[in-house]
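Here come two complexes built around chain A, the first alongside chain B, the second alongside chain C.
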Partner chain A sequence: MSILGLQGTFDTSSAYDGHDQKSRQAQRQADKWMLPGAVMMTTAILGPIGFPLFLKGVALQRKAAAAGLSVRPLICTLLGYLVIMDSGLNSIGWSLDLIAHHSLINRTLVTAWGNMFDAGYFWHYNELWIGGTGAPGEKSWEIALVPTVFCMRLAAAIGFLQMKRWGHQWLIVTCWFGVIYWVGYVANMTVFADLRYNHVVFPVLGWWIYDIFYITPFLAIPYLHTVNREIFTD
Partner chain B sequence: MKESSTALPPGTTETYSGLHKWLQRGLFVCLAALVLEGSFTFPFLAAWYGWPTLSLVEMCSELQKVRYSDDTRECVFPYPLFAPAEAAAQKTAKDDWGVQPKPQYKRIGFRDLVKIHDERVARQAAANQERVQQ
Partner chain C sequence: MNKKPIVDQDRRRKRALAAFQLLIYGYLFTMFLIQLYMYSVRDW
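Up next is the complex of A and B:
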């Protein structure tokens, strides 16, 4: 296609295609660093390795945006990776407790975390026949949430980062699940506060300071319901 | 189209631009915090509870001694795959039992496990020496 009336011709379709291709490449390149970095950080143990990889991806994303390329809106990038971090970190802790409760890493660092912030993961640990936490109700949350919500949240976040419509839709579904488990978890902890916070290194306030950053669903839901959905594709 | 709306990111309408701006700030803070927590929680915990002075297995044993108020407990590693839970039927843990149980173990301060470990080892060495002298 050419624009008439200008001196010479200007091929807008190839300019658009070129810009689109460069933008996609730049986005892919940034995600290639950010995604493995984020996944490593969700394992907690590999966190120090994932951290620089993630920062490198962030730098590439910023560079692409500064160069005028059509990369993903910043708020979508923040939201997608926050959900990955949130669901991944919840999954690793609860999966260790659910299926790897006698591994060394779980019996040292997860029970140490319990001793520091929430004794539900320290008190009478590995005493139930099913192993892991002995706090009332806690094991039920793990069985209910690890194989369902957190897996769905991880998948939804990846779809959302790809700007897919199903990613947006499933993020809405799983973020509402998130509201339910926040309310349920906090209520459970409060009801059994004596065993969960007695002689803990940083009780109650410490737990809130550490965990308040997992409020992803409460930040995501208002955005997901007010964003113009046309930016997501089938 | 108004000039201000051209500066909005894709997906954000003018009506919700204020909301999205504040949500973006919140998301940024949360992501930065989770990135730092994901990267540094375990190294921080390891340092607080005595590593590298204590190995991970020693740390595991010391945590069990505190949890079950039993100085004879040792962390079995590797733990046999289909064995019963390691603390099943233990009788030493101290609690005020009731509908709201209250644990009686002590709060573990910064690198307290190293101190607890060293003091116990010294106590045991002194007891052994006394026994030899008798």
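Up next is the complex of A and C:
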């Protein structure tokens, strides 16, 4: 490529291509640390290992940005990985309860969680014909949300991290899904509060201190609706 | 293109999003208060 067709005189192709290539490499290098870190954090148990890996990736991306390379905006990176972790954490916990409710790890972790915060995961646990939680309505949320919303959120977050237009659009769609399921889920927790917060170590307050983090996807909605859409490509 | 309508649209959008945030956090806080009330009247 050349400016005004003066080949060789104002040739900008090598500089532009070089910058583009370096930027892509730097982004890829940073994502190589951030993605495994985020995936490990979604398993909860491997979180302490995943967190430093993720931070290393963030540091690499910041370094690349400071060096003048065209990498993804930090807010997009944090938001995208936040959604990956949100969908991953919800999926793994509820999938264990849905299909692996009799496994040793599930019976240990989930009923311990139930004993501490939410008796929905302790009261009559594994006594339904389908197994797992016996809390009214809880099983329906698992069936409704894991194969639909959380899968869509994961795909949308990946597209968003690639700065694709569909990623941005689907993140908006699934964040609004998030509003609906949160309103429904919190209503369920409140209607059956006398069952779920009964005889647990940290009733009501404990659940809220832990679960208030789940509202973070709502914080993305104002950003997604006000960001300059031109930064996302087809 | 005239810039004024876009600025106005942006302002209205931000206001709507602020109202939405107030609504959703208000709802969550109300649910929390209901649970706290239930917790206080029953001797758990």
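One rule holds in what follows: the second predicted complex is superposed on the first by the 223 of 234 C-alpha atoms of A that agree within 3 Å, B and C clash if a C-alpha of one lies under 4 Å from a C-alpha of the other, contacts with A are read in each partner's own complex, and residues count from 1 in each chain.
Everything that follows uses one rule, which is that a residue touches a chain if its C-beta (ideal position, glycine included) is under 8 Å from a C-beta of that chain, and two chains touch if they have at least 3 such contacts.
As the structure is a prediction and not an experimental result, all values here were calculated from the model.
Legend: residue contacts after superposition of the two complexes on their common chain; A:Ala112 is shown touching chain B, with no touch to chain C. By the touch criterion defined above, A:Asp194 lies against chain B and chain C together after alignment on the C-alpha atoms of chain A.
Contacts of A:Ala44 after superposition: chain B is touched, whereas chain C is not reached. In the superposition on chain A, A:Phe54 makes contact with chain B only, not with chain C. By the document's definition of touching, both partners, chain B and chain C, reach A:Pro222.
In the superposition on chain A, A:Trp208 contacts chain C only, with no contact to chain B. With both structures placed on the common chain, the touch criterion links A:Val186 to chain C but leaves chain B unconnected.
Once chain A of one complex is fitted onto chain A of the other, the partner contacts of A:Phe160 are absent, as it touches neither chain B nor chain C. Of the two partners chain B and chain C, more chain A residues are in touch with B.
Overlap of the chain B and chain C interfaces on chain A: residues 193-194, 198-199, 215, 222, 226. Residues 41-42, 44-45, 47-48, 50-51, 54, 73-76, 78-79, 81-82, 85-86, 88-89, 101-105, 107-109, 111-113, 115-116, 119, 122-131, 192-195, 198-201, 210, 213-216, 219, 222-223, 226-228, 230-231 of chain A touch chain B in their complex.
Contact residues on chain C toward chain A in their complex (touch as defined above): 10, 13-14, 17-18, 20-21, 24-25, 27-28, 31-32, 34-36, 38-39, 42, 44. Partner chain C is touched in their complex by these residues of chain A: 179, 182-183, 186-187, 189-190, 193-194, 197-199, 203-204, 208, 215, 218, 221-222, 225-226. Chain B makes touch with chain A in their complex at residues 9-13, 15-16, 19-20, 23-24, 26-31, 33-35, 37-43, 45-46, 48-49, 56-57, 59-60, 63-64, 66-67, 75, 77-79, 84-88, 90, 93, 95, 100-103, 105-109.
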